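Next, two complexes with chain A in common: one pairs it with chain B, the other with chain C.
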Partner chain A sequence: MAKVVPADTVRLAAKKRVPRREPGRTLFIFFCILPALLFLAVFLYYPIVETFRISQMKTSGLSDEVFVGLDNYRKLFADEEFLAGLRHVFSWAFWSIVIQLPLSFFIAFGLTYYSNRMSNTLRAIFYLANILPSAITAMLGKMVFAPNYGILVTIGKVLGWKWLASADFLGNPKFAFWSVFIIATWAYSGFYIIYFMARMEQIPRDLREAAELDGASALRYAWSIVLPDLNYAIRICAVLCTVGSLKLFDLPYLMTTGGPGYATSTLGISLYRHGFINWNYGKAAAIGVVIFILSLVFTILQFTFGKRKDE
Partner chain B sequence: MGELNTAAAQQDKTRYRRLKRRRHGTTEIIVTVILCLFALFTIFPFIIPVLFAAKTQLEFAYHPWAWPKSFQVKNFIDAWKAVRIDKGLLNTLIVCIGSIACTIPPAALAGYIFARYKSRVTEVLFYLILIGYFIPVQMVLVPLYKMEVALKFNDTLYGLFLPMAAFGIPFWTLIYRSFFRSLPNELAEAARVDGAGHWVVLFRIMLPLAQPATVLAMLLVFIGAWNDYLLSLILLTNQNNFTMQLRVASFLNAYGTDRMPRYAAAAIISAAPTVILYIIGHRWIIRGTLAGAIKE
Partner chain C sequence: MKKFNVFVLACLLFGLIAAPSLFAANVTLTIWGRDIPDDSADHLYVRDLIAGFQAKYPDIKIDYVALGDPGLMDKTKITMASGSGLPDIFQTWGGSVMGGYADAGNLFDLTAELKSVPGSLAAQQAMTWKGKIYGVAPFFAVAGIFANEGIFKTYNLKVPTTIEEFDKVCDTLLSKGVQPFACGEKDKWPALALYMYLTNRYGGDASAQASARKLAYNSDPFIKAAQLYQNWIKKGYFGATPLGEGYGDAQQLMATGKAAMHITGSWMCAQYSNPEFTDQTLGFYAFPTFKSGGVGTAADIMGMTDIGFAATKVAASKKDAVVKFMKYAMSVEACQSDPGRICSVPGVKAKSSLTAQASAVFASAKTVTFWWDQDLPPSVTSPLNDTIQSFFLPEADVKKALTSFEALCIENMGPVKK
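Showing the complex of A and B:
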């Protein structure tokens, strides 16, 4: 055994020693995958199938299940709260893409292009709000927009602006959506910023040097080189915005509980209210199915239109 | 996950960039100032609870935004008693540890198989697990709750961290898969030639090599479990079992702004662990978050 064997021979020998079909190998694979599959089967696959079944039932958990077919869905599309939630999915996604992404792009570009000693610290600060518990994010949001003691109201008082001093942002249907949206922008943009930055840092330096030699300004460089290069990243983030607006629950629920009226209602909130406050499982499961179908559609869109050019 | 290995390369790059820096232009200064202003906006809300928690109730009622006259430690003690923070911290800690213990081992094992034992069957299973990555949690809440009631799992802490782990497993399987793929094969093969079995190779060689991924997973799973609100809200009903986040949220619902200083104190305590972890490990956390996002 003391003989020195070249690496190639070792590899060949290893291949011969370990035949593809050996019982130990199959058992090993089986036992390694089993725990993960068990977890998913119990807590994910089974509930997914159940969701579809329950969504066709009239049931409150205590009473017996009665099959009603698509009746729950029909009722949903006459339900003000659900419809408001559905509208908000699209408006939320739209405004996230139009406001959060360009803002994140600007910040990320500034931090990468004028990279200096502060860039890393600033990046860490921008992402900080992302890792905060949403209960706390919502609380901070309330402190900004609350009447009587909120920051904005206090600013209004100091400056003597009556309209601002007496404003009730979270209680006014016109402003509530935007108040929650601003807090969400504050809390969630950090991810887009770090993602864009990582992509921008992968752009070869030569490109920038060449652009500078040609006398291109920062703006020109951002527009003609960085923006096309980040095409894929931006589309990914757009999908994330959309899927995120489907899942939206914590922030609007904690800040306004979906109100006033249904001004900040989301699909998640109407699911929670139907299922766990009114105990109408059938309707809640139907909302779950709607969320599933919409996220499926968005994911498929990502895979068909989101293909990277270099793949 | 290759990002973790290229930390040194990254540092070299930044150093190189610093050497090559040009003189400060006017635009650069303007943009930097704007960015710093944004950063101030971002960090400003963090000061609010500190400002509030330092005040007495009376002080808060009259001058919510004035600088506190003295720092009221009493608020923290009162909050501790009112919200039973000790119990909340303990519950949350149990959920975090349980979530880590149930997420990481299954994900690591499955990720290893998908990286190193490719066959038609494992490929199919991989896509089966991948499905879990795309399922929004909201979809399964109703059946999950029904099932937990049937199993008498509801309103227990393990009834909370088991599904939490299940929802995390697909993502971490993906991460472990790409991490194991990035590891060199030679060491494992040499061991195999020496007669080591599959299990020995996995536990003695591959898993220790995967330590960076494991540390990162522990960090991020911990933060995720600590911050969870929706699942805890649905699965826990007994006040005694409430996690920190539930306690803080229900405190505000119960008292409104009448007890704001105390409430702010409770909020600070409940956010502190994640914020401290982030301040210590933000480079890691950011890099790890991106590793997940960039590979997919």
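Showing the complex of A and C:
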């Protein structure tokens, strides 16, 4: 026969089980996290707050600061270079998600699904571009697209294709963005390939065998089993693509210095030029704040959107 | 005996510890420069300047830091903004960038010490801001036409002596498959020199008036110069891919005889007269004037400091050492190792015929206009180069581009005063 215990007794027992707060222990925990907290406060939170403050000032960095409120932001949205940079980072983010991620997915799937002796070598080859310093990647990019001596132009000369031989990929505003983007796709996809492969290799072998027994083709297996399983990984990569695009600086700057005109300018390049070349720290800080807010918004949006889908 | 040995050992120990400090330099000068002091032809002056100064003044230690380009400008700017961690001396082209540092109270006034140092007046002016001298400029650069003598001879042409002659010469060169001008406008600044000359030839001191806000940057001389520039670009005088080529590419076009002329600074003299770099024979010519209708004269030269040094406020406590360094930097002894720059120190002989020709152009100058992108307020200099780059886009409206630039100048430099 079951023993009946009054509810109050149960509540009291539960209350007793809650560990007592020990002031010494709390202090110990506080001191343990204090160095990390201080580090974050000094090198992360303070600069963010300071950037917000400077973005409301008119200053060259050398002169006195004059409070101008939101004037720097107002001017930014009339600034041709900033607007071009904004357009380009959004395009870059969009095309990265639309081109780089599917491309990386298919390469990763191919390397995993048709795994053989070459897979590891190919994985290393694909990843190699990702570990090259940006300066080297940019130099290689220039060698491919340069007029007169570039690889593509040389191929055009050899084949007698005048349109290719006289093409100016980096100097023509219509081609410059895509030339840089192609090099970036080559350079950055290696990371996504490795990331996707790592996740794909964790899918139980049984699932693939079951799919094969059911007569599923490789494409069907990729679509119905691998893709849903990589949902979270793809979402992470999409966030990385978007945030990376917002901060984009090195490749476009090294390949084209943001030109011709503002054809390959980005928010990062615009920030650098306003701050370090034009000596306009206030405006540069305002661009920094815009990048920060956009990164934050997109990260929250992408995770919230993904979460709802999961549920 | 034992005590004596201990005494000797103690003396040795003391000697080992104390000797370095006894013989050590009394003063250390921290200098931030652009070039690495190695054996490269471009760096010989800096290399010999440091080695020579160190040998002459062993009591002054030089702590030279090569920061490259744009590392030197970026680091100097950041340090000047914070006001701490400044070097004693830094390399600079002078002009408004140096002036900004002076206005912020970060530089050390050396007017009394340096005003009588022998050197060209233009070089001294470049290192002067609001009447105060902050440093020295041992080398000066002027812009002119580097012309491939061989190409001109082959096609029986003469380097233009009037701007009107350019069209005929360039059309002939184009018909022979030679690119008339090398430029390298991908880097944005290389097109400036020609635009400055054209503006001067159309409007005389228009640039000085515009920077003093007596004239707008979208006034006649600026627009006419831009229209002529764009017209030449459209005719293909700068090749089919001027925006895809950097300054290095332009040098290669000249070095390999694919381009006939390069309008740029005299800092290229050493390289263009180096047989290891090019087998072509080049000459240096002053930029011509209009045969009729122009205002500027051939004696109006565009240029600025090539190598200069300025002292910061932290050098005040080491004034003697700093002045010694500045004077040594302006000495024949220090300057004679440079293979190609125009030296502003009297008595230094030009090492190549190109440098001699460039020096002659500099000597003939009645006015020297400093590079606009170094002399105008930094807030408008990079937009200026962007504006000039936009002339290279065939569909660009130069009037509109200059009007946008003028709007930026109004915001940063004030409106034109009537």
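Just so we're on the same page, the second predicted complex is superposed on the first by the 264 of 311 C-alpha atoms of A that agree within 3 Å, B and C clash if a C-alpha of one lies under 4 Å from a C-alpha of the other, contacts with A are read in each partner's own complex, and residues count from 1 in each chain.
Simple rule for what comes next: contacts are C-beta pairs under 8 Å (C-beta built on N, C-alpha and C of every residue); 3 or more make two chains touch, one makes a residue touch a chain.
Since the model is a prediction, treat every value here as computed from it, not as a measurement.
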item: Superposed partners chain B and chain C on chain A - clash or fit; value: clash
item: Which of chain B and chain C A:276 touches, first, second, both or neither; value: both
item: Touching partner for A:99 - first (chain B), second (chain C), both, neither; value: neither
item: Residues of chain A touched, compared between chain B and chain C (which is higher); value: B
item: Which of chain B and chain C A:172 touches, first, second, both or neither; value: second
item: Touching partner for A:259 - first (chain B), second (chain C), both, neither; value: second
item: First, second, both or neither for A:115, with chain B first and chain C second; value: first
item: Which of chain B and chain C A:68 touches, first, second, both or neither; value: neither
item: Which of chain B and chain C A:36 touches, first, second, both or neither; value: first
item: First (chain B), second (chain C), both or neither touched by A:146; value: both
item: Set intersection of chain A contacts, chain C complex versus chain B complex; value: 61, 146, 148, 276, 281
item: In the complex, chain C residues that touch chain A; value: 70, 73-74, 77-78, 80-81, 100-101, 103-104, 106, 186-188, 240-245, 249, 253, 377-383, 386, 389-390, 392-393, 396, 404
item: List of chain A residues in touch with chain C within their complex; value: 60-63, 80-81, 145-148, 166, 168-173, 256-257, 259-262, 273, 276-281
item: Contacting residues of chain B [partner chain A, same complex]; value: 13-14, 17-18, 21, 27-28, 31-32, 34-36, 38-39, 41-43, 45-46, 48-49, 52, 60, 64-65, 102, 105-107, 109-110, 112-113, 117, 121-122, 125, 128-129, 132, 134-147, 149, 162-163, 165-167, 169-170, 173, 186, 189-190, 192-193, 197-199, 202, 223, 226-227, 229-230, 233-234, 244-246, 248-249, 252, 257, 260, 263, 267, 270-271, 274-275, 278, 282-283, 285-286, 289-290, 293-294
item: Chain A residues touching chain B - in the complex, by the definition given at the top; value: 7, 10-11, 13-14, 17-18, 24-25, 28-29, 31-33, 35-37, 39-40, 42-44, 46-48, 50-51, 54, 61, 107, 110-111, 113-118, 120, 122-129, 131-136, 138-140, 142-144, 146, 148-149, 151, 154, 186, 190-191, 194-195, 198, 201, 217-218, 236, 243, 246-247, 249-250, 254, 267-268, 271-272, 275-276, 281, 284-285, 287-289, 291-292, 295-296, 299
